[in-house]
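Handing you a structure now.
Going in written order, the chains are labelled A, B, C and D, and every chain counts its residues from 1.
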Amino acid sequence: MFFASDNTSGVPDSILSALAQANSGYASGYGTDAFMGQVRARIRALFEAPEAEVFLVTTGSAANALALASYCPPWGAVYCHALAHIEVDECGAPEFYTGGAKLTHVAGNSGKMEPQALREALAQAGRGVVHNVQPGILSLTNLTECGTRYSVSEISELAAIAKSHGLPVHMDGARFANALVAEGCSPADMSWRAGVDVLSLGGTKNGLMGVEAVILFDPARAWEFQLRRKRGGHLWSKHRYLSAQMAAWLEDDLWLDLARNANAMAARLETGLEGCAELLFDRGGNMLFAKWPSGLHRQLQVAGAEYFLWPDHQNLDGPDDLPISARLVCSWNTQPSDVDNFVQWINKQV
Amino acid sequence: MFFASDNTSGVPDSILSALAQANSGYASGYGTDAFMGQVRARIRALFEAPEAEVFLVTTGSAANALALASYCPPWGAVYCHALAHIEVDECGAPEFYTGGAKLTHVAGNSGKMEPQALREALAQAGRGVVHNVQPGILSLTNLTECGTRYSVSEISELAAIAKSHGLPVHMDGARFANALVAEGCSPADMSWRAGVDVLSLGGTKNGLMGVEAVILFDPARAWEFQLRRKRGGHLWSKHRYLSAQMAAWLEDDLWLDLARNANAMAARLETGLEGCAELLFDRGGNMLFAKWPSGLHRQLQVAGAEYFLWPDHQNLDGPDDLPISARLVCSWNTQPSDVDNFVQWINKQV
Amino acid sequence: MFFASDNTSGVPDSILSALAQANSGYASGYGTDAFMGQVRARIRALFEAPEAEVFLVTTGSAANALALASYCPPWGAVYCHALAHIEVDECGAPEFYTGGAKLTHVAGNSGKMEPQALREALAQAGRGVVHNVQPGILSLTNLTECGTRYSVSEISELAAIAKSHGLPVHMDGARFANALVAEGCSPADMSWRAGVDVLSLGGTKNGLMGVEAVILFDPARAWEFQLRRKRGGHLWSKHRYLSAQMAAWLEDDLWLDLARNANAMAARLETGLEGCAELLFDRGGNMLFAKWPSGLHRQLQVAGAEYFLWPDHQNLDGPDDLPISARLVCSWNTQPSDVDNFVQWINKQV
Amino acid sequence: MFFASDNTSGVPDSILSALAQANSGYASGYGTDAFMGQVRARIRALFEAPEAEVFLVTTGSAANALALASYCPPWGAVYCHALAHIEVDECGAPEFYTGGAKLTHVAGNSGKMEPQALREALAQAGRGVVHNVQPGILSLTNLTECGTRYSVSEISELAAIAKSHGLPVHMDGARFANALVAEGCSPADMSWRAGVDVLSLGGTKNGLMGVEAVILFDPARAWEFQLRRKRGGHLWSKHRYLSAQMAAWLEDDLWLDLARNANAMAARLETGLEGCAELLFDRGGNMLFAKWPSGLHRQLQVAGAEYFLWPDHQNLDGPDDLPISARLVCSWNTQPSDVDNFVQWINKQV
């Protein structure tokens, strides 16, 4: 009954094997290893982007903050949702890496920006007024922090608004693979073809130890990105251990298979809970949110169930029927039995 | 004939096994995993420092820059040798993390600061003068970039000078293990007992994939360090893959055995080269520097020998007898036969 | 009919005379001049704060950003109103000086924070959670950007909430003098006695050329403040020209007299407009906001009236009866006739 | 006998008059005042640079740091002399404004870089090597901190070296006027025609209260500069008080006349001291350095003479015949009698 996060899971055996294989012999460092060549070629092919540049780092915060810093000046506004990971969960990494850019909220339900809200935010921005921070970049998260999903056309619409104001577009794709298989489109459709300039492609939440790719569809900022990565302490000397993981992950669509399992398990969980809990938001992939009484929550905890409350700071001191809301995340290795046990357990109590 | 760097080597099998073991099941993230408990306890015991705080990051640049930033304000001077890694090889990571501290050179031969030079630098610093950056921190590297070693008494002398001016002391210990086994002292002797407040303890160059421990002997800055680490994008969600490696590395003195091999191979190389090349600097551990004709260098390259020239930018376009200087690094898995082949090859040419 | 801003006015003759007097002879620089001694002594006496430290800079943005940076770490949240000058009008100066702190909005009508909103913001802040920026500082503006005024008891209540969470309190007092004479209390009552730790005391909007005092009621951060000021390029060599102005301004309560005139003129304007325009917000000092048709606005502009629309980005392209809102600011040298002409002119049209 | 600095002097009466004139009436702020138009036009004409952009700030540190930040990225090296004001006397302002660029010393006697040293520094820079900071900008100071002067051809040679490596060139012209009248060339000759891209044109040391112009000969970075200035808290609301001063200073070559007096007085002082003191460095303008016994120094201090020792930290505790070195600066209002009294006084003692 582990639904705490997709990053509490381990990695598939094939990733361990890839590490073992990569371990033999000497290898040149800092991204010049042979595996990185494979990763670059594979991502270019998968994304139909032969000129894209690809760089690896080990955390989503690093991927996002470095991507934003490479495209947004210190006096820029980063347009994001108020619930965005970059705003809430990175302890100010974007501000640190950009040199003080201002994260600016764009409203919308269920973690998704409303196009009209973005239009208004940009209309009100004092472009050309020296007293105001200047429009800098649009940052979308897909899947969102509410587990919802931007469709390709929604991304395109938001990106088009940004571009009409001259802004580049970043996508925090910590759960890009989950969004992709749910949407059933091509990687290109969900990224550059929809207007995304730079993508944080998450591996860690989907079966890697700590590997994220940053894809720059336009290579113009690649050198700047590399200097920022080094300067941030994110360039690995023994880089092969990152690229070997990602090469194995991309091979034979492993990354998509892993995401498909996570999504399928979330669907199974959703079905199982429909009768006995209020579900929040439209599930876009491998995450769902449910409401149940805090009494039930306490029983679940005793029984060893693991999940986070969302938002974080809910009052648990009330009577047993006070509702709380729970975030339930399935991962690449969630098993049907995990889901079924949890559902049965809940159904028994309710 | 691979002497390029200790970070072109792989990792011992026991590290791979540790990763495989750590992989099973779910684990809580962000440093709260069980392996991290072991690492902390083991380092406290090894260093006889029951209150020390320990944090893991994945690169030496991150370890150094975060350590410096936690102890030196933006307007501080970081006293270091002109050849220090933090000055030369980190693309300004210390400046980035500290918010613009000034790396200030302290002279000395063979990569080691002269105590008198440090005294003078501190005497000339405009402490209390608002126009000048203020003395901030002393940063020593052991082993140094010249492969030399500070003895315990040399560290103590320099640290005492720093402390007499109220400065904390950082040690870049990317090759701390090599220095330690060469010096034959205890970890405490080479660190806090000699006056070191914060140590970057390198694992990557000595058999890990990308794991460095930062040890704060005084835990007062631990929370600040953690926030800086997170904000720098260096807090791993699947942290167990770092701590499991380091736990295995510390077990049964593996880390010391690995360093001992590297040092022994360097000693063997030194002995082998003594007759046929000019050796530079006093070897302190696993690195040596040799001078030979650029003609020989070209032949060695053709034969597949790998090492770096040092300093980086030497003229190779001259006649064959123009001398160049080479940096030769042995690692935890350098074999006697590697050394012997290289030595024989050179002896044949000379 | 000049109501654009209190900083479009000049300075009283006595300030020019003070500059002329200060000009004779040589003077030691960087804040060691004799006038600065007078300023310090006078402010300590006026504020009944014998240990306070006082420093001069030349813009409100510099005063605010340096004050915030001296009390809030890079990973801190600065709690402020969404309309605060530090959020809207300083192009990210607070983010720049603090090294990337996050300005966090606290809701409330008319530019004033609601105590309950502050309580909630602090309750939701993830203090001790490494993923979140940490509560850093509370920043209040008095007069607010809506021209309203925090009473002494309102300041005390908000400051007490902040302090119960261990936060220091900053006040942006660009119009402190206007608030003070309107409130009719002592400088101490409106600052440290109400819980303010550091005050930006504005001179520029109230009759000086470009002089702001930062008052640190607790001198513990004074040296850090001075280093930050120097490093920000805000330490004047010919400092006497700042301190002489401020000494003259503080003499014989000139600063209060200037503010009294500005407030009185705003009161007169308010009375005059009451019959013919909708007034927004409760006037707290020398600023008021009125709504009238855009047709009238266009006529006023033709007639040479100067004021800003507020908020900045209003649609002026609609029909004549579309309402717009105007910000009207009176200054130390606004004359009754200025007010009366403006009021008469409007009354004629309506 | 005041030779402490050119910034301990006041300002000419014409500057006070300019302030009084500028004081009447309302004026629009933030650099849109009429005086600023005059300043811009005048500087464009004087420098024969019709497209140059001109911005005012109030300190030399701000001018330099903003200029450097607008042309050098955070990962750039700023090539400067070890004695440069930006390195020694600005408490790290360049590091702060650039976001952590590295000031890199270029050797040379008497405060002037040797072309060969610059060539070597650039040859050794690891351009294209991600581990190293990248060549960023060349910064020259004229007059130098040793009171020497770069000739036009020397500037051209150094700038050409920089440009052959793709680097822009900054000049710290805190004493540009003194250098200019001494060199007897046109402003264009000493700046853009010699390869300078951005000039800090100092007014404060030459008769203004605190006004420096930054001249961007290529306007491409003008908007970025303005945002950085605002964000640094250096954009004045009542900007007329800066531009009115500078307009008056540029009128009828006042700035050159003031510099001519300072230089002439320094020449007179040099002549007077030739017989009785060892003079250091070649005097380039209004500053000279002399060596005399510390006994004499103590007598001079008692007699009220004011000058700084240079370098700052000299031992004064030795016997009377221990030599010290003094920095003597003449200003726009140094009088022949000041010089003559000082010289006579010294001659009496020797």
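The criterion applied here is as follows: contacts are C-beta pairs under 8 Å (C-beta built on N, C-alpha and C of every residue); 3 or more make two chains touch, one makes a residue touch a chain.
Please read all numbers here as calculations on a predicted model, not as lab measurements.
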{"item": "Which of A-C and C-D has more C-beta contact pairs", "value": "C-D"}
{"item": "Greatest separation from chain A - chain, by CA centre", "value": "D"}
{"item": "Whole-Å gap between the CA centroids of chain A and chain D", "value": "51"}
{"item": "Centre distance in Å when chain C and chain D are each reduced to the mean of their C-alpha atoms", "value": "34"}
{"item": "Length of the line joining the C-alpha centres of chain A and chain C, rounded to whole Å", "value": "41"}
{"item": "Sites on chain B at which at least two other chains make contact", "value": "74-75, 90-92, 96, 99, 130-131, 227, 230-231, 235"}
{"item": "Touch list for chain D against partner chain B, complex", "value": "74-75, 88-92, 95-96, 98-103, 123-124, 126, 129-133, 311-313"}
{"item": "Residues on chain A engaged by chain B in the complex (per definition of touch)", "value": "2, 4-5, 7-11, 16, 19-20, 22-29, 57-63, 65-66, 90-93, 96-97, 204-205, 209-210, 227, 230-238, 241-242, 306"}
{"item": "In the complex, chain D residues that touch chain A", "value": "30, 73-75, 99, 130-131, 134, 224, 226-228, 230-231, 235"}
